[in-house]
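Consider the two complexes below, in which subunit A is the common component and subunit B and subunit C are the respective partners.
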Partner chain A sequence: MNKDSIQDQVISTLKDFITDWGLDADITPSTTLVEDLEFDSIDVIQFTVELEKTFGNRKLGFQELLMKDGRYVDDLSVSEFAVFLTGKLTTA
Partner chain B sequence: MPRLDVNGITLNVTHLPQSRGQGGTPLLFVHGLAASSAFWYMAGAPLLARLGDCTLYDLRGHGKSGVPDTGFGVTTMANDLLGLMDKMDIGRAHLVAHSFGGMIALLAALKAPERVASMILADVRVRPLQQKLELPARKIPARLADRLDKIGVSIQTINNQDDGIDYLKTVAKIQLAAGDEANELLKEIYHHPQLFRSRKNAEKWIALTERASFVEDLKNGESFAPKDLSRLTQPMLVMYGTKSTTGPSAQAVTRLCPNAILHEIPDVGHFFPMSQPRLFLKPAARFLRAVNAGRTSFPKKV
Partner chain C sequence: MTKTLLIGLDGATFTVLQPMLDGTCDEGVVMPFLAGMIKGGYSANLRSTNHPLTPPAWTSVCTGRTPGHHGIYDFVRFEDMGNEMFFTLYDARDIRTETLWHVAGREDKTVVSLNFPMMAPPEQVNGSLVPGFVSWKHLRRNTYPDTLFDRIAAIEGFDPKELSWDFERESQIGEAMPDDELYSWVANHLPRDKQWYNIGHALLSEDNPDLFALMLDGTDKIQHQAWHVLDPEIWDTDVPESRRKVRELVVEYFRQVDGYLAGLHAAAGDDCHMVIVSDHGFTGSDKVVRVNKYLESMGYLKYRTHDGSDAAKRRDMANFANLDWETSRAFCPTPSSNGIVIRKQSTKNPNGVAEDEYEWFRDKLIADLLAMTDPDTGEKVITQVLKREDAFPGEAMENAPDLTLILCDHGFVSVRNLEPQVVTRPTPIGTHHPDGIFIMSGPGVAAKRGDEMSIVDTTAIVSHAMGMDIPEEFEGSVPGDLYSAEWLKDHPVQVAGHTDAQAAPKASSNDETEISGDQREEMLAQLRLLGYLED
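Presenting the complex of A and B:
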């Protein structure tokens, strides 16, 4: 599994996640969850739970991505998720 | 299962299935005032899912759960918790609670002791045991008075606060009004940066605290008496940060509950499970493994 295919799966999981939100947003690698899709922190964690299902019901340690220095990070893009997942899935 | 109707309200629920083995005692996480289920996710609930199914939910009035007109007292919220367990077919669970969530967990355990395998109370202020909080903002530098005044917050108000509800309201006001200076001001006053993730969250908290029923239910609503706690015989891990104001609650709970262990965490404040997840997770996991292995008695202090 390479970064491109992981990124495609992140995008399709994200599309499914927001399917009934009534957003008219084109999801690209640079799409950000908070700024572009108006995610709040609960949406972010529920999205990571969906990603874990997509990638084989594995715990992938998303807290490492979502927290920095004891604080929530402000925002994350699709490609940042893909890079994180690529690191996790190719080194595990 | 993001939304479940429980006790006349819709609760937002996140379920993390057990990630190693199966059949472990489930864990149910209860967050504190002005927070949401995201708190416990960031504090490492996914790691504790190695031990059993984890359920995280938003309290009524919080996160993505419904906001009713009334019914914000501990009793109603303890009924929400037990109703959620019914709805999800959770017969018995470990309860993991932070801050105000601990009041809910304690009352739920008093109402249905057979359904609570153990409790982890992280920095919980127990109102019947600790009526007033010595909030850390008692010594605000006078030079901040003008700046606070400009944004409509008086030092007098801050100095008179002795309750988490009012303290969180001041934090929300400063976040909304101080713009780029909010972090600096909050660090000077409360020794922590912004707490609310967005303007919307801060506005929602202020709106809730301006409802008469919300404050009345929380401050004066029925809960339990100190002596009731001696009936709680479940193993309990009572943790608190030594920089927090909830130490007196932790010490009193440990004294009253026969199987409670006190665990002090040096040099951390009220939000340590999220700001320093490892300091929370290690003792929590060790405690839960011991309880799952059938251990029922513990030393009073670790």
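Presenting the complex of A and C:
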């Protein structure tokens, strides 16, 4: 899988994830979870679980993405998820 | 047609219901359907689990087992890492025994189960399951079967935001509210139970399941916050108009619940057995008991050093013990647990209690806890301390707190780093009492008030009412006077067969016994993101 196809799957998973949320959002690589899609902290965790199901139903160590310099990041974009997953899936 | 209805009323107590049933409250008879059910059927006090709390108690109803067997003790469980404590939430994957829904499915009975806690992620059942305590955003992924969400979404008036658990709203329980704020808070709970009723009525009417089970939890939430307008011993009509309005709304909630019960009974038909149970009762609590602060003064624990930052202040105000884990030897993890955990010595926790000093340490701790008093009155604030082998015997006992506390007013403890150790509230708040309710009507059911029953009796009763044998592992029984002798002759109670341990939700999950480093990090991340822990 290359980064483009992974990014497409992230977007597809995200669209399914927010199906019932009543958001009128066009999801692109620059879409951010908290700012654009009104994610709460628990939603971020649930979304990483959905991505793990999408990409082989295995642990992918999302804590590396969620933490930076020992602190938890404020927000994440679709492309940041895609880059992270590309690194994980191509080195696995 | 559906033969058996199991309706849960979270926290329902005869203390509050009786005046609304017999019409001795200002509003007259508020719950005529329930009054008629009691008059023509069987009722009794229902003794809850040894710690009367929603997750362990409802899991006992759903499994027929006590917490020492099913393994659920609190909303929150923790992993002691020696120099750190990882808190996370209990869910269905922690239940070690087979659920009634699954037992029924093996007997080719169909089931609808709605709004019971600890049921997410949902197991596969022979029917439909919507768990309780799930945020609306994640409801679709937590319903079974996966086509169910679209089906219930098509019900007229469906609103997932009204239906689902609102973590922010429920976290306000225990906070003092002025009347106008309390009115709005209560008002938000009325449509929630209406949503569950609408779904229940639709699935009951369309699917005719052999067992229809629905839990309504507005009773618990409203009694927690509005106890002062509900307790007949406290309620005084000489109050401001704002408080009278709160009372009117709360009574209206109970009136609506009575209508839901009548509606479900009508949908099932007159020949159904209807069983109404609560997970625990309710009473008033006027003491704030800061048990960790007391344990600190006795040298059992140390709070984490406070640097004065906003983050540190938030940690101190959280409902999780925020301690110096290098030195603390005994502590209460959460208010809802009312439990004391003794930290045993290990390589990762060298300052813990050694195996050979455990009994001595525990006996001293019990004596110290029982000596805790309210300095204003001299009254003992802890009336009983239960050892876990007495309170929660079973194969899951090792997950129980070492000690479980029963306070003088049945209240929950506080774990906050605040003085003084004991405070008397100006107005009592609602808290859990071990005596809940059992009410049953239907063919053959005797019209009488029975002796006190156990919460696990309900699962045996429902199994029998469905025409099933009662599995040998179920810990409850059918009271000998629940039915007429004639009915019992034709419908004998038979204890036979077994539950399937491999069908327990925990057995079918992918959890490993020893959590991995990744999982620990994830748990920590989850709780930090939830705001339970701060960097």
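Keep this in mind: the second predicted complex is superposed on the first by the 92 of 92 C-alpha atoms of A that agree within 3 Å, B and C clash if a C-alpha of one lies under 4 Å from a C-alpha of the other, contacts with A are read in each partner's own complex, and residues count from 1 in each chain.
Here is the rule we use: contacts are C-beta pairs under 8 Å (C-beta built on N, C-alpha and C of every residue); 3 or more make two chains touch, one makes a residue touch a chain.
The shown structure was predicted, so the numbers you read here are calculated from the model rather than taken from an experiment.
**Q** In the superposed arrangement, does A:Thr19 touch subunit B (first), subunit C (second), both or neither?
**A** In the superposed model, A:Thr19 contacts subunit C only, not subunit B.
**Q** Figure out whether A:Leu66 sits in contact with subunit B (first) or subunit C (second), or with both, or with neither.
**A** A:Leu66: touches subunit B and subunit C.
**Q** Following superposition on chain A, which residues of subunit A contact subunit B and also contact subunit C?
**A** 41-42, 44-46, 59, 61-63, 66-67, 70-72.
**Q** Can you check the complex and tell me which residues of subunit A touch subunit C?
**A** For this pair, the touching residues of subunit A are 18-21, 41-46, 50, 59, 61-63, 66-67, 70-72.
**Q** Subunit B touches which residues of subunit A in the complex?
**A** Residue positions touching the partner: 40-42, 44-46, 48-49, 57-59, 61-63, 66-67, 70-72.
**Q** For subunit C, which residues are in contact with subunit A within the complex?
**A** By the definition above, subunit C touches subunit A via 135-141, 149, 153, 160, 167, 516, 518-519, 521-522, 524-526, 528-531, 535.
**Q** Touching residues of subunit B toward subunit A in the complex: what are they?
**A** Residues 2, 12, 14-17, 19, 36-38, 41-42, 44, 46-47, 49-50, 56, 58, 63-64, 193, 197-198, 200-201, 274-277.
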